[in-house]
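Input: structures, listed below.
Shared chain: chain A. Partners: chain B in the first complex, chain C in the second.
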Partner chain A sequence: MTQSEPIFRMEGVTHRYGDLTALDDIDFVAEDNSYIALLGPSGSGKTCLLRVIAGFEKPDKGRIWFQGRDITDLPAHERGIGFVFQNFALFPHLTIFENVAFGLRNGAVKVSETDIADRVTDAIDMVGLTGLEDRSPDQISGGQKQRVALARSLVLQPKLVLLDEPLGALDANLRERMQIELRAIRERLDVTFLHVTGSETEALAMGDKVAVLDQGQIVQYGTPDAIYDSPAISDVALFLNRFNLFNGELQGDTFVGPFGTVPVTAAQPNKSDVYAIRYDRTRIFSADAVDLPGPALPVRYLASEYLGSSIVFLFETKDRKTVEVDHHLSLGEPRDLTVGENYTLSWDPAQAIVFGKETAR
Partner chain B sequence: MSAATSNRDKSNTFRLLVPGVVWMILFLVAPIMMILYVSFWTQTTFSINSTLTLDSWKNFFASEAYVGALWTTIRLWLIVLTLTLLIGYPAALFVGLLVKSKTLSTILLVLCVIPFWTSFLIRVLAWRPMLGKEGAINIILQKLGLIDSPIEVLLFSELSVVIGMTQIYVVFMVGPIAFMLGRIDRNIIEAARDLGAGFGRIFWKIVLPLSLPGVVVGAIFVSVMVLGEFATSGALSGRKVNLLGNIIVTQVGSLKWAMASVVGVILTILLGIVVAGFLRIVDLKREI
Partner chain C sequence: MESKVLKPILAVYVGLFILFLYGPFIVLGILSFQQGPEGGPQFPIISWSTYWYQHLFGLTPPSRIAPLPVGEALIRSLVLAFMTMVTATVLGVMAAQAFRKRFRGAGIVFYLIVLGMMVPGVLTGLGTSLLANNVVGIERHWWSTAFLAHVVYTFPFAFLVMLAILNRFDGSVEEASWSLGVSPITTFRKVTFPLIFPGVLSAMLFAFTLSFDEFPRTLFASGRDQTLPLAIYGTFSVEIHPNIFAFGVMTTLFSFALLSVYGILMALSVRRAKKMAMQEDIA
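== the complex of A and B ==
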């Protein structure tokens, strides 16, 4: 990440719907020319955050700056921030060309017909839809609609584009292709993308930086590997869907959990005591193994799931909690497991992350 | 096998069509053909016989009163259509688009329909105590000191017919437009805002074109009903305003079937032209 001027900044932004606090005192800074993924479970307020930034909703409290200017009270059509809707929201009665040209024709700045033709043609070319200019939106596929929606925003050369779950309406194949393409298109232009998603893989794969939103608050903001390697709180680890999380009790230098009492060297402040170990750091041993690398968690084997490059094994602890082990096949063939048999899971305690109500030492 | 299936499909389609087709032939096509036929019959003062003649047609176009009624019908239709659109569109815009809650917009639409709980004639006649020389409006205006003597043109004039028809038919304009407006995806309007379009631009470029099918359907409803009107003009004009419908009523009343048929045919042709014209504006099959 190169350090650069923030293009966008919000301070203390709060938004309520009746009794529900959708955004709770949010401070957020977006760097110029970067790809930022905003990850949050449904109901975390991520769509609301985008709508406040775009100007469709007015925050109850707080200020928003864009390109050094306070835009909190500016109506949506004067903000110059692009918005790509999840359902694309193309104008059904206009051709692809006219959809893309809409902002140029109807914005505050008058653009000449020849400029419109040039810029629209360029934008359509950039998203790879040349030749479809005269089609109507109901004559093109979902992926193509997505591109039209993107071209329609980008043709106005905004410095910030908000994408509301832009890949949510596409099938899996197309989603992966569009991920790569969205990044490529952004890199060609001097623009910041703020991409909202509920998918942790999408967020980690696409963002130069990832912001994690939970219950109306940004709980962590950093590079994907920083978030992946050291989630700030146990909820972040939970959304990432890569960690086995165990509730227990942090007592000074030890953590008491379903795997017994283990020594702890450091703990992150959190609202409850949680012990986290990544799926791919968890290893499988036979029930009577003695040379374990760390804690011993007795489990029963349930099932496995073949994912091509790795196999996910599902186990169950005594108190019926499901535990996952992700075995990457480059590490060699996994051992043969028998469904219903007991095994022991263990891991290197140095790779565990401990969250505690006590402040970190 | 597949040929047999498609044959069965065809015969099923046919069987499903039969009742409708029979009904339409018996009660629509046959009567219209009959009217057309009768319009060429020979009418004497007290009887009619089926000797074919053009006399009734010639009489219609030779009579200033009849041709005048044709023009009055067209003029009143255009005025009422314009008024229902001007009053109905903003109302539909409010009900269908600006009211965010679906429940509230349904309640508002139901409120629009409440006047229909009383009979058509009562609704028309209710305008008399409202508009009359000693009616509600004149009394209120006089009490307020805004006028010295009652406004007489309010009742038994073309104005009262226009007021009455507009009130009765405006809801047929509001309904279809509100329906089309309600179907517009809110994201589309927000997308237009986000692309820099102000309120006016969004209205002219997005909202109006997308609601046009509703306008056309509403206009067809209103046109069909206004062009065939006779009761409102009969009750509120004091016989000063004669529409084609009124002429049919009087001709039928005096058993002048041939002339009534001529007017009926002319009215049907006029309606056909108007409806066909509206349908050219929007391809309804594509839109709905």
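== the complex of A and C ==
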């Protein structure tokens, strides 16, 4: 991964729909030639952000630069930024070939017929659709439509392509294959992909960097490892869907939660006091175990879910909060649990992340 | 079962309804084959003949019945209907396109446009002629004042048809086109227009047929030279002969021909619309 000059930059971008603030003073930088995943729950403003970047909507405040040029006031067709829609938005009245040729044929720069034929053929070849040129969009599958939409953008050799939940309309099987292919296609070209998704696994798997968007703000921006290992705030930990989060109270050097009082060495600034421990770092002990590695959380066993490479165990605390434990099968056979029985969960306190309102530390 | 009673009743009702709908035309059609020139516009048929059709085209020996003075009126009405169709459809598409963005005052403008088809035709016609004669001070003609009155009348129909079409239109194909560096004007020509073409056809058909047999507005607004409906009405006031019926059959056949063209064009573009719909389903 080469990280160089930022190809794209936005400063203080704010966008409102009536009373609703969809984007709240966003600063964001995208490096040249990289894959950036933009992760956010629905309603976080992620689609709005893409639409503002594409020029479909004008921000109320803030400036946007692309390739060193201020594009805030440029209309969409003069920006040179590709866009891949979740519903593909292929032109239903044109063949696959003409769909891909559309931008070359109708753009501001005149391209000769032979150049069009060459470039379109190359683009269709790159996405692996050779032979389907004369089909119409209703004669191809969802995955193929996705590739046409991609080829249609890439044939114009943009430096930035925005992908709005591009895998959302595909079934799970195809989604994984397209994940790999999207990355492979991007690596062959000198282009930055900005991929919006609501799926944390997709974001972590695909992005060289991941930006987490919440309530119109980018709350964390970093490599997938960094985000996975140290979520900046408790909401990020919540989206990642890999942490047990406990509300409690941070009092100086200790955190008081449902597992008792635990010493704390460091805390991240946050809206509220939250104690987070990853599913796969939470361990199961019998109810009367004494040699625990850390805090003791009394729970009742509910159910388990077999995921192939791991098993997820679901427990319930006294105040009916569900706690998950992810046991990877490479670590050996899991212990036998009886539904309805009481157990104790524990973990190494050094692996927990504590978020606190007190930011003094 | 309820349907055992209800179904036959409904069937009879529908049959009567259709008979009522086409009854006048069937009577007209039969009477147009009356013997000529003695036969009148009533039953019984003395003997079947195509005399009145020949009479229409001036192929019969001269008789006391003058040929229908419809030649020029027909041309005028066709030209007027064509002008109205083009103007109303262009305006309708543009106005409906404007309504996709909820501009300020959109609600009021909507009602003001639709009012054009609500106001009684005689009033519009009279108003137009008064406006032309007394206020602006221009002569009335079928191609000026009557044309305006026709556009005012047919534009709301074209507008409503286009509004319905554009309401269902998925704007993301347009955005996709912009993001491919294609200007909004070219996008409209190459993407939007081909996809809304079935609607445009319907709007054109509406405007043409409404204008072609428009009577009350034209009566006052058209001035000296008459359009077809006025010319036919003019012949009624003297004496009615089956040549009018023959003419009616001819114009109806013409309308059917027009509808067939419309049907064929529609069938071709419905294939597109289906593709469009399939794409929307995925979204």
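In this text, the second predicted complex is superposed on the first by the 357 of 361 C-alpha atoms of A that agree within 3 Å, B and C clash if a C-alpha of one lies under 4 Å from a C-alpha of the other, contacts with A are read in each partner's own complex, and residues count from 1 in each chain.
Here is the rule we go by: a residue touches a chain if its C-beta (ideal position, glycine included) is under 8 Å from a C-beta of that chain, and two chains touch if they have at least 3 such contacts.
Only a predicted model underlies this, so the values are computations on that prediction, with no experimental measurement involved.
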Overlay on chain A: chain C relative to chain B, clash or fit: clash
Partner chain in contact with A:Gly142 - chain B first, chain C second, else both or neither: second
Broader residue contact with chain A after superposition on the shared chain, chain B or chain C: C
Partner chain(s) touched by A:Gly82 [first = chain B, second = chain C, both, neither]: both
Contacts of A:Ala22 with chain B and chain C, given as first, second, both or neither: neither
Which superposed partner A:Leu182 touches (first chain B, second chain C, both, neither): neither
First (chain B), second (chain C), both or neither touched by A:Phe91: both
Contacts of A:Ala54 with chain B and chain C, given as first, second, both or neither: both
Common interface positions of chain A, toward chain B and toward chain C: 54-56, 75-83, 85, 87, 89-93, 102-103, 106-108, 149, 152-153, 156
Chain A contact footprint on chain C (complex, rising order): 170, 172-173, 175-184, 186-187, 190-191, 194-195, 272, 274-276, 278-280, 282-283
Of all residues in chain A, those that touch chain B in their complex: 54-56, 75-83, 85, 87, 89-93, 102-103, 106-108, 149, 152-153, 156
In the complex, chain B residues that touch chain A: 185, 187-188, 190-198, 201, 205-206, 209-210
Touch list for chain A against partner chain C, complex: 54-56, 75-83, 85-93, 102-103, 106-109, 136-138, 142, 145, 149, 152-153, 156, 169
